[in-house]
Amino acid sequence: MRIVVFCCENSAYQAARQGQLPAEVDLIRLPCGGRVEVLHMLRAFERGADGVLVLTCQEDNCQSLHGSARARHRVEYAKEILQEIGIDPERLQWHPVTSNMGPRFRKIVADMIEGLKLASA
Amino acid sequence: MARWGAFICDGAGVDAASLAGEEVVVTTTLPSQPGDLACKLVGIGTRYNLDGGILIGVVPELVEDLLKDSLRQAGLDPFRLVLVDLRGRDAEGKDREIKAAFARARHLEPAAWAKSEVEQRALIIGGGAAGLQTALSLRQLGLPVLIVEGEQNLGGRLGRLDGLFPYDEDPKGWIQSALEALQDDPEVEILTASNPLALEGQVGDFTLTVQTPGGPVTRRGGAVVLALGSEVRWPAESGLEPGPRVVGLSRLDELTRFRLHHKKVAFLLDLDELGSRVGTLSALRGALRIKDNWGSEVHILCRHLKVDGKPLESMYRKARDMGVVFFKYEEFPKVTETGEKVFLQFQDPDLEYVVVDEAYDLLVVEEEILPAGEVLTEAWGISQPANVRLYPVETNRKGIYMVGCCRDEMDFPGAIQDGTVAAGEIYELLGQGALVYEEDMVKVQTEKCVFCLTCVRICPHGAAEIDLVQEAAFINPAACQACGMCAADCPAQAIVYKAYDNTGIMAQLELGGR
Amino acid sequence: MKASALVIGGGPAGLGAALELAGAGIKVYLVEKEAAVGGWGARYVCKATDKCRQCSACLIPEKIQEVYQQPLVEILTNTQVVGVEGEAGSFQVRLQREQTLDPALCNACGKCLEVCPKGAIDRLNPWAAAYRIDKEKCVAFAGEDCDLCARACPTGAINFQRPVVNLDASVELVVAATGHQPFDARRKYRLGYGRFPRVITGLELEEALNEIEGTDIFGDGRKPLDVAFIQCVGSRDVQEGAAYCSRVCCKYALRLAGLMRHREPETQVTFYYMDIQTGGKGFAEVYQECRDDFAFVRGIPARVEGGDRLKLHFDGVSGQSFATREHDLVVLSVGITPSPDNAELARLLTLNRDEHGFLKGREGIYVAGTAAGPRDISESLAHGMETAANAIINLEGREG
Amino acid sequence: MSVTATRLDPKFKYEVAAHPGGEEIKVCFACGVCTAGCPVSEIDPAYNPRKIIRMVLLGMREELLKSDLLWLCVNCYTCTAHCPQNVKFTNVIGALRDMAVKEGYVHPRFSGDVDEIDRFIQRLRRDMVLAAAQEKDAPTNLDPQGLLDQVTGK
């Protein structure tokens, strides 16, 4: 199984480093949630990812003001595309994770893995 | 082909032999002390004529900038340093983390640094306490300033106070000494009775157009400080009308200078649900003066008394000790007015069965304090939302700061703090006389740009501009704060963010699953 | 600017001051007596619900990273200031660094944790890259012969033979950002802290929520679903020598309550308070949003009785005068009190203290953050910046 | 109940403050800890120290001085120990009782009776504690009524 996690380096990327990461996780560091493109998320699925997470700052806590909001909108749009091509849109999720939310990061990843295992069983 | 070195920190638990690949010309282990590490890295980089390095360790981010700095000093390209953080990874995770780093490294292009001269002058709009403090601090740091003030005199709301001031300083005296420090200084220009018309340019080189009594003038500066102050507004929605028996808190200063024979005075605070710390401060100060000067019976009605600031709790206690009675109302009091008296009817929640029905000679009402100049900031695309990353004085745009009451309700020490902090930030930005930035960090491929203005519209930092000569968008490298939003949103894929370009991101995705 | 500065304390104010000073080209010795920088702020939880609640706790890891990346800041952990001599513009400072565990060598592999019989090795905060030895618990520091951890350490980071080093430095200015002490809730005996396990302080709730997702903070499956917050514990209290509002408690308590409710929507929250302080940018909105979700009782309880549930004796106004109510968790919103080190610091740095015991600066020695009075994280950061800016101004004045 | 302006006496709080024992009353900020810890309030919620102070500050002289509640305080000083502002409420009650007598709201004899009751209660308390103490090794169930009968000689 492979989970691709797009992380804002100001927040989720730091949270990811607090504690053990499951082997399934590939972290992709971005300068801001606003950098993530629909294309990146779709390409991740195309290259074999079972789940994709886009983890950014809280929306009103983004260094670039609208970066997190834009990331969320793009995830919503990409989910629609996934739906159309027959991939469960729940495989793609956006969550806000601030830099000091290590436990939350691990829970989101664990929930995703759990969900994927259930879906494939 | 690029020549890469792989550097493995002590304790990373990675076998150097496993990294052998064609582009790796040297692998070595490194000490963990940041200083030693930087030295060794630079030494090896120079000796093997490397193009870049992959640093594998635990928490290498902590030393990232330090290393880049050392590399730059050694004449190497700091932007071809890829860090691999192995914290929290098992053997398989480590392997994938390293592979992804190599994938990214192959696509990294060297960075070019540019340096541009800046205007060192700060353009301060607003000559109240916060604006004056910014100017004073900047002058002490040796930077020139321009102060633009709409009124005839400097001082703002502080200048209209007389005695009703709960701090050690005397407001008039403070303004006087500020003026003395500023007015004969050749590096200070003060434009009074003047209003800003337009602001153009970017950090390091702004142009401000000001309407002065003698006509419009333009001034250039490297930073802009908005010290626009606040406006006092009568709380009309409360249904109260100002009159001889009902006055606003802001009029209390002039009123209490006279000897009046009001036997009973009431203060009504928190009309807009929450009220302000500043309002409570003036009310307490006013109540104490009324007690002193008039000997009246004073009642203060509020929802929550604000005590979270230095003199507040002690003033509150002093007021109680002098016999001021406080009521914490839950339901807004019923106010009726006859020619001679103001009647307040309210329930005292501390005595639930008692409805107090009192006649007062004077009712002092807390007004709303609203930030001033919102029209201006909106027109110029400057904002300071309640975002902790901008606290205290930064705005969405680099080189533009907001200080004092135009960004939050604030007392005098708050305004002083804002002014000082802003001056410190400007000194850091402009003190060296030049800005250093990475050229083409975010680059517009002019041939692909279709002039759709998406980047101009979405750039949160106002860094995207239109270059009429090139007929394409242009990301101002000095103002850019490297979020990459424009690159993500450009419909023509014309914008490339070098360190995080699509090829690099895609290469990391190419690795595939197991 | 060629100058150097000593910043004592690596909490929010110290970090803010160090970054500001270094930004102006001043070499900074950032001295922290604990094993990692970050201070109290590094132990607080992110209180965001669906929205950011502007608690600023997330800024701490970022500022830590920034100081590590700032070449002009030399971070000295496990270090204490033992002597300061001289005057503004030329201080000679003497530092003492205890280095049994060298954080630069530690890679947090965890081997020492496994062998320590006393559980004396831990991480000071989740962002600390290295472990630390808790000297209170470690038997080797108590004089016993034990070096299990040192033998287990693969990198040689732990070495009990490593001597304490003395460092001398010449600096032009000193910033004391030595922080505060949370009020000791045991002093309010009747509120049951220290006697009943489910009476905790706000700080303990912060740390507990920081370590888990959800609200099962005791790990016993009994999620607290009926929570009482008692405000002004050790603040606005003449008897405790704290005749001031601590400024932070209303904010953190409301945010923590909001967070608990966000994590567990069935949570009932009751606030026992005198006045809610709503100052600070954006906080009024936070209060207005959560006001309808919580019960507010204007009255401070006098007594908490233990049992299966905790029984509070209080006097509420508006028709509930003298009453008792049961809750399954009581959180005491403890205030900010002057650090117990302040007396020693005042002697060492020749500083005065204000009427409450907070430090006051003098020429060349500046006091920042909660060492000077109650402040929250962002206010401390800003105060650190202001203090540093003032220091730079005075330095410029002296040079120019 | 509505209190009209004419019946409120703003001078009352100063008079109480000028009376020995009442000095600190004005600094009360109504946190309610006094009532929350009061053993009398626990039995009779109508007796409420916070409200009594409020009545003084508001100037409800007559309602307060003629009130029976004034005489319920058992002088245990719990409120004084708890008060964060150092209002010594037990002393305030003393001052108010004094004023009630002086201003003729109660007969001076009544004050003496209250003293008698207090002394009697102290004796009763002592006897009950001693009775319990004598049997402290054996499990006992206190019989207050029996003890009361014993003390009053019934």
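We just call them A, B, C and D in the order they show up, numbering each chain from 1.
Just so it is clear, a contact is a pair of C-beta atoms (placed from the backbone, for glycine too) under 8 Å apart; a residue touches a chain by one contact, two chains touch by 3 or more.
Predicted, not measured: the structure shown is a model, and the values here were computed from it.
Comparing the chain pairs A-C and A-B, the larger number of C-beta pairs in contact belongs to A-B. Taking each chain's centre as the mean of its CA atoms, A is the chain most distant from chain D.
Between the CA-based centres of chain A and chain C the separation comes to 32 Å, rounded to the whole angstrom. If you average the Cα atoms of chain A and of chain B, the two centres end up 30 Å apart. In terms of their C-alpha centroids, the spacing between chain A and chain D amounts to 65 Å. Distance from the chain C centre to the chain D centre is 43 Å, each centre being the mean of its Cα atoms. Within chain B, the positions touching two or more other chains are listed as 59, 87, 317, 328, 350, 386-389. Annotation for chain A: residues touching 2 or more other chains are 18-19, 60-61.
Shared interface positions of chain D, i.e. residues touching 2 or more other chains, are given as 29-30, 50-51, 85.
If the chains shown are joined wherever they touch, the resulting network has some other arrangement, not a path, ring, star or complete graph. Pairwise chain contacts in this structure: A-B, A-C, B-C, B-D, C-D. Taken in their complex, chain C has these residues touching chain A: 42, 44-46, 48, 51-52, 54, 57-58, 60-62, 65, 126-127, 210-213.
Chain A meets chain B in the complex at residues 1-2, 4, 16-23, 25-28, 30-32, 34-37, 39-40, 43-44, 47-50, 60-67, 70, 74. Within the complex formed with chain B, the residues of chain D that make contact are 1-5, 8, 10, 13-14, 26-30, 50-51, 54-55, 57-58, 60, 85. In the complex of the two chains, the chain A residues touching chain C come out as 10-11, 14, 18-19, 57-61, 96, 98-104, 107. Across the interface of their complex, chain B is touched by residues 20, 23-25, 52, 54-56, 58-59, 64-65, 68-71, 104-109, 129, 154-155, 236, 243-245, 247, 250, 275-282, 284-285, 287-288, 298, 317-319, 321, 373, 378, 381-383, 385-386, 388-390, 392-393, 396-397, 400 of chain C.
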